[in-house]
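The same chain A turns up in both complexes below, where it pairs with chain B and then with chain C.
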Partner chain A sequence: MSDKPKNTEKTSEKTTDKKAEQHRRLSVFKTYKLYVGGKFPRSESGRVYEVTDPRGTWLANAPRASRKDARDAVVAARKAFGGWSGATAYNRGQVLYRVAEMLEGRKGQFVQEVADAEGLSKAKAAEQVEAAIDRWVWYAGWTDKIAQVVGGANPVAGPYFNLSSPEPTGVVTVLAPQESSFLGLVSVLAPVIATGNTAVVIASEKSPLPALSLGEVLATSDVPGGVVNILTGGTAEIAAPLAAHQDVNAIDLAGADEALAKELEIAAADNLKRVVRPQPVDYSATPGTDRLTAFLETKTVWHPTGALGASGSSY
Partner chain B sequence: MPTTASSAAHALTDVTASDGSLRRFLHGLPGVDTVGLEARAASLGTRSVKTTAKAYAIDLAISMVDLTTLEGADTPGKVRALGAKAVHPDPTDRTAPTTAAVCVYPDMVAAAKEAVAGSGVLVASVATAFPAGRAALDVKLADVKDAVAAGADEIDMVIDRGAFLAGKYLKVYDEIVAVKEASGAARLKVIFETGELSTYDNIRRASWLGMLAGADFIKTSTGKVAVNATPANTLLMLEAVRDFRAQTGVQVGVKPAGGIRTTKDAVKFLVLVKETAGEDWLDNHWFRFGASSLLNDLLMQRQKLATGRYSGPDYVTVD
Partner chain C sequence: MASAMDSAFAYAPAPESRSVVDIAPSYGLFIDGEFTEAADGKVFKTVSPSTEEVLSEVAQAGEADVDRAVKAARRAFEKWSALPGSERAKYLFRIARIIQERSRELAVLETLDNGKPIKETRDADLPLVAAHFFYYAGWADKLDHAGFGSNPRPLGVAGQVIPWNFPLLMLAWKIAPALATGNTVVLKPAETTPLSALFFADICRQAGLPKGVVNILPGYGDTGAALVAHPDVNKVAFTGSTAVGKAIARQVAGTKKKVTLELGGKGANIVFDDAPIDQAVEGIVTGIFFNQGQVCCAGSRLLVQESIHDELLDSLKRRLATLRLGDPLDKNTDIGAINSAEQLARISSLVEQGEAEGAERWSPSCELPSSGYWFAPTLFTNVTQAHTVARDEIFGPVLSVLTFRTPDEAVAKANNSQYGLSAGIWTEKGSRILAVAGKLRAGVIWSNTFNKFDPTSPFGGYKESGYGREGGRHGLEAYLDV
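And then the complex of A and B:
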């Protein structure tokens, strides 16, 4: 009888000890930052906004980028374009594959972030992340094959070679899908940079955290700074100056609703940007080459074959 | 007031009587508070200039540009293209002001003169064995006379940094006086190459030395060394011209050159001018930017203000 209360006292002491130990460590919260020109700046405006999971629980503060951040991102993307578009397709493939390798190593983090962002179970989130990694690999494989599919030698009636080859469009603004925060993002970003374009990405407004973490992966996987620039904040606020920007060559409106898409398409017409309109896409299905070819220009050259031999052809 | 100014000027003529008196004067100038100077320059750089003030600043900055090409590979064609750009910086918008001048090597002065004829744009020529300045005085003077004969409106000379750093101030002084005489009616800009003078004290001394010798402009750099115009060294030179006018009544211009590439930077320099030397210097007769790529950025910003959308390098010339 006398022993019993002593015992309970002991156990309760133990649990408070444990609790104290748990409390001794302060939480280390992550400061999510933009990814522009290979660096991680805060928004020029100094603004942030609260990111929550679907049930309204606070997850983190994300930077609310301004139009000046968008402008800086375009400058960075333009600067990176020469090097990235000039890299061999084979090299670009290697770099993109490296991205997939690095993602694989940080899978746990992305599963957690996707689960939080989209309110999915761990298993469902893991499926999404694995599909996204596989998509990087899939597009990495396309870098040195797309030219054979959409380019080629054209038959002409004369002593000429006539060759068409695809070239990247330039700086592409990508409005990432609002719902699929990671798989959707990868599905619209990877095809843009695979062919040698550089990208300014506006992440999902509600769930921007996986996109910002992707920036950290890109920074450590041989992708030159400025090839991908990631902005977070109000999609409409950032997209408007980008759609009107004279140094942006194309815009993918995947993350815009109907009204916004219309407005942006009008602004984009001013310097004849290529526009991909929003459409319902099942991001879990194999995508096809549509998004690769959407941001390619065809260059055709005529080249004389040289003197033909006496037999009519020296080839 | 004029009597005190002229008596002060008389007092200053005595300081150049001998090497010793010149040295005593220059070393007697107050020492520069490095930390204070840089902090002041940095704090003036934080000022936000927006909307109509920004539009004014951009147009003023364009009108102050000495559009420069100083390459071994300069051709008459390139100089003509530069001249055309100086006259009509933005061919799509004729309301853009002309630049102040084009700045070229002496053998390109004739081509530049032809390209800007009748537009009011001046032709400046570097001379005196630019950029090193390592040649005999006769050679330097011949260089100057050559440029003036070809029609240069302004001469940009470099000082003998070797002599200055060795403490032979009177040699540097005499050389500037000789070049000034050879320049005739052309305005003389004296380049100190601040990046090679090592200390702020030296920049202050060089500024006074140049002004005593009759410089119409004092200019930071050639643009050919690692450190060119910075807000701090330009602020120091602006203080020097302000103090010089207060003492002698003679106004001298300032020209930062090299490394100023963005509109933001240019506006920061204009704030320095306004807050240090005063509004009298906010004119292209008294303040210039030695630059080439700056003009494109100014034009892109100007287009942004006019149209509301960001412009790009496709809409300005490739130099």
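And then the complex of A and C:
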């Protein structure tokens, strides 16, 4: 542990070092906690692990979530699914836009956290954070458009009304990318919840702090509790019970290496989870709709059209 | 079937002629445009389930044959995928037209090999098969406009494994979109129904389809497993049981193979108290007795509102008593044979379990033919959600009847299943249809109808009924690198 811990909550600490010394004021550290069911619990296991920047400087102790924390997160996500998937697309769009608004206001904090987490300059970190904010805006706009793009009427050869509509898959486990601690995280999380799914997110193992701070933003952005649940700790340890969980409907393996991804995909087959395999992604590029459609089901509804006339309806 | 019908109003036999189809005593594998024996010389017999008559002896593909077929498909892929879409389209249009021309022959063949009534193969299977090829033919040169970005690319070699319940239709669902998008195919038909796929091979030859674009490998589960596992297969498409679907999902883990699975179901058919009873009864019958209930999207759980339970059951039983079970080639037959001795044993065992668990079993008085595999239409009443017959897919002519009081209860019971393929809703109230349809976790919802299919209409399940869609624009995605 370093002699001069830098807790990232105090973004202005470095610039005001001299002033702080003059006043002998000790900064206030933040206790990083999980985000589950709209609340901020510690891990039920009581475990934490040291988070450092790339140079090894101590940043914080993050919760090391357990299997039990993962199961609790699934319960919270399932509970939230009915309300969130049942909300209007317009409403979900406004909530996602609100996330962007809240992030904009706390940009400085996230720039500092991302700079620390990924060893980036302030300028580079700011690019990441700004792109992440814009990504929320991109997906906020998608909520009430994706159904028109991927659904529609089917011209069946018979007297039937036939309509296909996308619906959210359910509870989705998201292994956030290990390297891109914030932009990558937002890029895989936002599309999952935009369409009405609820998420259990495992943050980057070595850089979990921006994810935990995002939880604080979500909690103040009208995102209903349980829609997003954020866990930190050992990716493999937390992912294993989630990949095997019978009440999880899908899993995004973005943050898994090849060996772990294979193991989790095998476990996920047990209840036929929808699986997105890890693949190289340029998170700075404008995303397509792939991550939206990966967690959508197509429902097709038929109804006889009947016929008007003296004989009345024909069905 | 019913004694009342045995009198003056009995139907005279009206058999469709078998002479329109010429079944050879033996068939080979279809690899690289040629019929060929299996490398190890293995063969198996395919029988008519209604008579147990041996129809033909068919080569059984082993691992070496799978490898040969995949190599042929790989060689063919380069040219096939490079063809202008408009040329691929014309091959598929040709195939669609030849199927239409030969549809009576294929319908009789399918009825002989599968055991389902001729009126189904003639009026449902074959028209849908031709329509499916016709539909996807039109997509082949319009993929840029399908919503997957410009110039979406095919995946390569598709390994396809299909079931015995709609042998030629499932082949069409697999092969038509695969070829339209520029993939080449190795397809394994089910071991009890290989013949229509082998006749399709002949249709490919008549259409002048380039060699190796379609390869047909009859065989058992191990042939399918070898195909799925082959390292040079880029795409796996499977229709069949959920257990095998899960095994495939495990097998492809860690590979780059794209997978679509269309698996089992336990569809809820929900009848509200304001439903037109007569239409609902017809829909219930269509839902569970079409193709002897050997349908993944069958409406095998009847959820009836408590207040009309007795009335509906009386009507349903009266209707079941008029169903005609017997010779599948007879044009008046409603209920044909069960596809195999194995499937009959599975149905029988689950029905016995239903009785043992306390559900009440009923069938109309019904004489079963002395040879072949037969099972009388069967109802279970006093069924609870915990009963095996309410939970497991029976894949036979067996309907489990449960009741509900409120729409919420109906939705909760309908969704209380590992499956999520189909559901039915019967009510005169439009807002109730839309509200209930919105809450059902199933891929296909039939309201005031049941078991309707169309090539433009995406089909596939939620939850453990599998993933991916077949049919429509959606069905292209399974075969494109998108």
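Just so it is clear, the second predicted complex is superposed on the first by the 284 of 315 C-alpha atoms of A that agree within 3 Å, B and C clash if a C-alpha of one lies under 4 Å from a C-alpha of the other, contacts with A are read in each partner's own complex, and residues count from 1 in each chain.
Here, a residue touches a chain if its C-beta (ideal position, glycine included) is under 8 Å from a C-beta of that chain, and two chains touch if they have at least 3 such contacts.
These numbers were taken from a predicted model, which means no experiment stands behind them.
S.K.: Once chain A from each complex is brought into register, does chain C clash with chain B or fit beside it?
M.R.: fit
S.K.: Of the two partner chains, chain B (first) and chain C (second), which one does A:V156 touch, if any: first, second, both, or neither?
M.R.: Only chain C is touched by A:V156; chain B is not.
S.K.: Of the partners chain B and chain C, which touch A:D270 in the superposed model: first, second, both, neither?
M.R.: Both partners, chain B and chain C.
S.K.: Taking the superposition on A as described, I'd like to know which of chain B and chain C A:R71 touches: first, second, both or neither.
M.R.: First partner only, chain B.
S.K.: Quick check for you: in the superposed arrangement, does A:G56 touch first (chain B), second (chain C), both or neither?
M.R.: neither
S.K.: Rounded to the nearest Å, state the minimum C-alpha distance from chain B to chain C in the superposed three-chain model.
M.R.: 5
S.K.: Please identify the positions on chain A that touch both chain B and chain C, taking each partner from its own complex.
M.R.: Looking at chain A, the two contact sets intersect at 270.
S.K.: Considering only the defined contacts, which chain A positions touch chain C in the complex?
M.R.: 149-150, 152, 154-158, 160, 162, 164, 169, 249, 258, 261-262, 265-266, 268-272, 274, 277, 288, 290, 297-304, 315
S.K.: Could you list, by residue number, the parts of chain B that touch chain A in their complex?
M.R.: It is residues 308-315 of chain B that touch chain A.
S.K.: Could you list, by residue number, the parts of chain A that touch chain B in their complex?
M.R.: So the residues of chain A in touch with chain B come to 71, 74, 78, 241, 244-248, 267, 270.
S.K.: Okay, in this complex, where on chain C does chain A touch?
M.R.: Going through chain C, the ones touching chain A are 131, 147, 149, 242, 245-247, 249-250, 253-254, 256, 261, 263, 279, 418, 433, 437, 440, 442-449, 452, 454, 456-460, 462-464, 466-467, 469, 472-474, 482.
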